[in-house]
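Going in written order, the chains are labelled A, B, C and D, and every chain counts its residues from 1.
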Amino acid sequence: MSRRLRLGMVGGGRGAFIGAVHRMAARLDDRYELVAGVFSSDAQRSRDSGADLLLDPRRSYASVDEMVRAESARADRIDVAAIVTPNHLHHVGAKKFLEAGCHVICDKPLTTTVADASDLVSSADRAQRVLAVTYNYSGYPLVRQAKEMIAAGELGELRLVQVEYAQDWLTTALEAAGQKQASWRTDPQQSGVAGSVGDIGTHAFHLAEFVSGLRVAQLAADLSTHVAGRKLDDNAQMLLRFANGARGSLWATQIAPGNENGLRLRIYGAKGGLEWSQEEPNHLRHAPYGQPPRVIARGG
Amino acid sequence: MSRRLRLGMVGGGRGAFIGAVHRMAARLDDRYELVAGVFSSDAQRSRDSGADLLLDPRRSYASVDEMVRAESARADRIDVAAIVTPNHLHHVGAKKFLEAGCHVICDKPLTTTVADASDLVSSADRAQRVLAVTYNYSGYPLVRQAKEMIAAGELGELRLVQVEYAQDWLTTALEAAGQKQASWRTDPQQSGVAGSVGDIGTHAFHLAEFVSGLRVAQLAADLSTHVAGRKLDDNAQMLLRFANGARGSLWATQIAPGNENGLRLRIYGAKGGLEWSQEEPNHLRHAPYGQPPRVIARGG
Amino acid sequence: MSRRLRLGMVGGGRGAFIGAVHRMAARLDDRYELVAGVFSSDAQRSRDSGADLLLDPRRSYASVDEMVRAESARADRIDVAAIVTPNHLHHVGAKKFLEAGCHVICDKPLTTTVADASDLVSSADRAQRVLAVTYNYSGYPLVRQAKEMIAAGELGELRLVQVEYAQDWLTTALEAAGQKQASWRTDPQQSGVAGSVGDIGTHAFHLAEFVSGLRVAQLAADLSTHVAGRKLDDNAQMLLRFANGARGSLWATQIAPGNENGLRLRIYGAKGGLEWSQEEPNHLRHAPYGQPPRVIARGG
Amino acid sequence: MSRRLRLGMVGGGRGAFIGAVHRMAARLDDRYELVAGVFSSDAQRSRDSGADLLLDPRRSYASVDEMVRAESARADRIDVAAIVTPNHLHHVGAKKFLEAGCHVICDKPLTTTVADASDLVSSADRAQRVLAVTYNYSGYPLVRQAKEMIAAGELGELRLVQVEYAQDWLTTALEAAGQKQASWRTDPQQSGVAGSVGDIGTHAFHLAEFVSGLRVAQLAADLSTHVAGRKLDDNAQMLLRFANGARGSLWATQIAPGNENGLRLRIYGAKGGLEWSQEEPNHLRHAPYGQPPRVIARGG
C-alpha cells in the first residue's frame, strides 16, 4: 500500500449514527482517508458536517449527483463511496457510484427489495467494482475463528444453528416522540417493508450463514408488532431449515428490555459445539463432544 | 406435622436415575420417610435395591399389584407413591395407587397420551387425592420469585417468552451401545411418541407457562432427528403464540455439545425483562426498562 | 452399611443457623439418623426444638452432661455428636463426647485457642475416635477434582495461591440491633479473638492448603475493623508464603457489599492454572499454559 | 478544533508493541495526525517503519536529537511527542521534547526512578507543556463512571480497595528464547528495577487511586521471582493502607496461566460496592448495600 484509499461518504452528517461508526472503522484500519461526502440532503448541514470532519469545503456536496460529477472531474477523486443513509436511498446512491467507477461500501440491508439488490450486483459486475455490505459483526477475530474451525470440520457435520439478535431500544414508541433513529427505522417508506428483521435480523441471518457455511433452504417466520401504533415488526421468530438438513432458529427483537446489542450465535455438529456472543466478543466457547468446553481468546 | 409422610416408590432401583433424585429431594424436605417400593420388575433386583435403602425386606415388592395389596392391609401403609419408571408405566402405576387411596407423585411426562393423562386426572378427582407431577425446576426460589414478580405486574403486559432446554448427552447413538437411560428414552414403546420433546421439552413448556402465567394458544413445531438410526426426535424448535398475543419460541435438544442441563427462560414485557438459567439457578436477572439490570440472589 | 449412624447434636435449635445445615447435609448423605440433642441451653427450648424435629422427647436434653450420661446408658446410644454451638462452647462439648466414646463432628473454627485444639486432638487420639471439622467447602466435587489434578502434577510446581472469602452481611452494625448471628459472632467472649478471620478466613485458609497440598510457612496480616463500635475484625488481608516458595494472598471480609458468600480460589503453577468460585461451584476453570482454558463441569 | 494535532513518536517501529496501540488510539480519537518519528535507534529501520506508516521520508529520523533539531526548524513542526520506547529511555526522550516546547505523551512507567520523574514534572512546569502518562485503562467509560459515582458519595465512606492485574505471558522464560518484549521488560537495564510491578503493577496502582480518589499512605509488599534465571520480579503482592483508613491489596503477576490481561478493581464503602474488570470493560457492577446488584452498561 503506497497510499490510503480516498473515501467518500453519503449520509453520516450531524445527528446520524452509523456514518461515524464507518469513519472510526476506516481510521482504525488505517487504509482509508475520508476526503469527500454528501453528509446530508440539506446543503448547509452537509457543509457543516464536512467542516466538523476537517474536509476541504469544496468536497462537501449537496447531492449525490453533484458529488459524482465533481469527484469524477478530479485527479484525486474518491476510490470508494460509503453509503450510510436510511435504507431507501441505498440503491440509488450505490448505483450511481458504481456506474461512475467507484467501489461501494453499503450499509445493511443492501436494498429494500430483492430486485434492487440484484440490480446492484449487476451494476457492480458490469463496472468491475467491489460492492461490499457492512455485515460488520463478521469481522470479529473470533467469528473468523469459528468460521475456520467449522470449515476445517472441527464440529463434524453441522446439525443445529441457533442465532438471535435482541435489543431493547424500541420497547416504547420512540418514533412517536420524534427520536430520529426510531423514526426512519420504523417508517416503511424509509426502512423498507421489514422492521426488526431488516434492521438487525439481517445481521443475524448473515452471521448464521457466514459462520456455518450453510445456506438456509426453508424458513417459517412469525413477525409481530407489540408497540401500539408501530407500522413495522419489532419482533420476529423463525424456524430455519438448512440445505444440509440442519435445523435452527432465528430471533430478532428490539423490544426485549435488558438486551442492548445481544447478537448471539450457537452452532452444533456431530463432533462439537461453538458459542459466541457479541457482547463478549473476544471469547469463543468450543465444546468438543465429550470433553470440557474450552474458551478460545483473541490472543495478543 | 406430627409425623413424616410414608412414601412408597415404583421404579428407582439399582441402575436407575431419577428415583434417587426423588429420594434425595424427599430427604432434604424432611417431610417424607421412604418405607416401601417396587424398585424393579425383577423381584430379586427389587429386594436388593430395597436392602440398599435399608428398607424392611417385607416391603420391597415384586409388582405394583402386590405392593398395593400388601400396603393396603397395613396400618402403617404408605401415604403417597412416587412413580419413577419409564414413561409407558406411569399411567398404570399411578392409577392403581390413586384407586387404592394413595396420593401420587409422578415423574414427567405424566403419561404418553392426552387421554391417559385425562384419565389420571379423573381418577385423582374421584379418589380425592393429590396427583403431582415433578416439574422440579419450578421449585427453585428464583423461579418462584420470577413468577411472583410477573403476577405483580412488574414486567407490565408480557410480550415475549423465550425458553430453551439444551443437553448434549444424546449427541451420539448411546442407545445402540446399550446405555440404559438412552435406550428407554429413545424407544417409542417405553418413552411414548416424543423424544426430546417429551423428555425435556415438557420441562421447558411447563416452566414457560408456569412463570409467565400465560397459556400457549397456538404453536408451530419442527421436530427433527439427527442421529442415524434413532427412532424419536432429538431436537425440536417451536414458534409459540400465547393467548394474550405474546410471542415466543421453545427449543429442546439433546444433541448440542457443551450443554449439560441448559434450561433457560427469558420473559419480556412492556416494562422490563427477566432472565433465568438453570445452570446458575440462584440468580435472576431483572431489567426494568431504561434502568441498569439488577441481579436478584436467593438470599441467605 | 447395615444401619444409619445415630447422630446427636449440640446446638442448632430454633433460631440457630448452622445446625439446620448439618442436618440437611446428614439427610442428603443418608448415612445418619438424628436421634438426640441438646438444642439449646434452655431446657424448654431444647425440648421444643427436638419436637420440631420429631425426636423422641426423652432424647432432647437440657445439657451436655445430661446427654452424655443418658445416652451412655442406652443400647441404641448415639454414635456421633455434632457440635454446632457458638465457638466458645466447641472445646468443652467436643471433649466430653470424645471422652464418652463418641465420634465428634465439630463446626469451624475447631476452638478459640491453639491449646484447646491440641487438647481435642489428644482426646480424640486417646479415645480412638474421629474428630472431624466441617470445612464443608472442601466437599464440592470440583474442589476434590482440583485437589486431585494438583496432586497429579497437572499444574506443575505451584507458584501462586490466591484465596478470598468476601461477604457483606456485617456491612452495618447488625450486632447493635440484636441480630442473633451477628451478636455472637462479633462478641470476643463467644466467637474467640478473631472476627472475620475466625468466621470465614478459616474456611479460606483451609481450602487453600487442602487443594494446593501446600502448607503456609509465613504470613503477614493486616486485620481491620471498619464498623463503628465493633469489637472484632470485619476485614483481613494477608500475604502468604508457602513452604515450597509459592506466594499467595488471603482476603476475608464481611463488609464488601454485593458479596454474599464469595469464596474463591485460584492456584497457578508452572504448567497451568485453576480457578474455582463457591458461587458457581459446579464448574472449575483449568488453563493449561499456552492452551485455551477449559471449563470442567461436575458431570451427571 | 480547526486542525489535527501534529504527532511525533519515539519508538514504535517494526517489531515494537505499544507504539502501534498509541497510533490506533490517536486515529480513533481523530484529534491527531502522525507526521514524524524516531521509530528505531537503527536509522534504516526507522526509515522503513516510517515508510510503512506513509510518512514523509524526511521526517523519519535516526535519533531524538536529530528529530528535535529538524522539527524545531519547521513551520509545521510537531505539537506533541509520544514516547513509546523501553522504560530506560523515557526520561531522556521526554525531557528533550519538553525543553523543545513540545507536549509529551509518555508511556508508563513514567521513568525508572522517582528523581527522574520529578525532574520531568519540573521540566513540564518550566516549559508550560502537558506531560501525560498513558494510564490508558483509566479512559474506559465505566472506569470514569465508577470514579464519578464514588466522588458523588454513592458508596459512602470507602473501606476497601482490591486491585489486581494478572497476566500469564511470562510463565516461561521467554526472555531466554530472545522474545523481544520479554527481553527488555525483564532486563533491569532497560526496564528499571521493577519487573511485574513496573510493567503492570503501575497500572493497577494508578487505577486504584484514580477511581477511589484515595491515596495510599502505607504499604507492605512481597515481590517474588518464580521463573529460573529471571532477573526481576514476576509476581508481587501488597497490603495497602489508604490515608482515610481504608484497607486494600494489590496483586500484579505475569505468571498466572489463564490470565491474559486480567486487570480487576473492586471498591467497597459503607453504602455499596463497585466491581469492574478490564476483560469485560463495558459493564460495571454496582451493589448498593441491601439491594440487588445492578449492572451498568456503557450505553449507546
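Going forward, a residue touches a chain if its C-beta (ideal position, glycine included) is under 8 Å from a C-beta of that chain, and two chains touch if they have at least 3 such contacts.
Treat the numbers as computed from the prediction; the structure is a model and nothing was measured.
*Asks:* Do chain A and chain B face each other with the same patch, meaning over half of the contact numbers show up on both, or with different patches?
*Replies:* Mostly same residues: over half of the interface numbers shared.
*Asks:* Using mean Cα positions as chain centres, tell me which chain lies farthest from chain C.
*Replies:* Using the mean of the C-alpha atoms as each chain's centre, the farthest one from chain C is A.
*Asks:* Determine the centre-to-centre distance between chain B and chain C, using the mean Cα coordinates as centres, and give it in whole Å.
*Replies:* So the centre of chain B lies 35 Å away from the centre of chain C.
*Asks:* Taking each chain's centre as the mean position of its Cα atoms, how many Å separate chain C from chain D?
*Replies:* Chain centroid spacing, chain C to chain D, equals 43 Å.
*Asks:* Using the average of all C-alpha atoms in each chain as its centre, how far is it in Å between chain A and chain C?
*Replies:* Averaging C-alpha atoms per chain gives centres 55 Å apart.
*Asks:* Quick check: what residues of chain B touch more than one other chain, meaning two or more?
*Replies:* Residue numbers touching two or more other chains: 286, 293, 297.
*Asks:* Per the contact definition, I'd like the list of chain A residues that touch chain B in the complex.
*Replies:* Spelled out, the residues of chain A in touch with chain B are 159-160, 162, 168, 171-172, 220, 222, 224, 226, 235, 237-239, 241, 245, 247-249, 251, 253, 255-259, 266, 268-273, 275, 285-290, 293.
*Asks:* Quick one: which bits of chain D touch chain A in the complex? Just the residue numbers, please.
*Replies:* Residue positions touching the partner: 1-4, 23-24, 27-28, 30, 54, 169, 260, 279-280, 282, 297, 299-300.
*Asks:* Using the touch rule from the top, collect the residues of chain D that touch chain B in their complex.
*Replies:* Touching chain B: residues 286, 291-297 of chain D.
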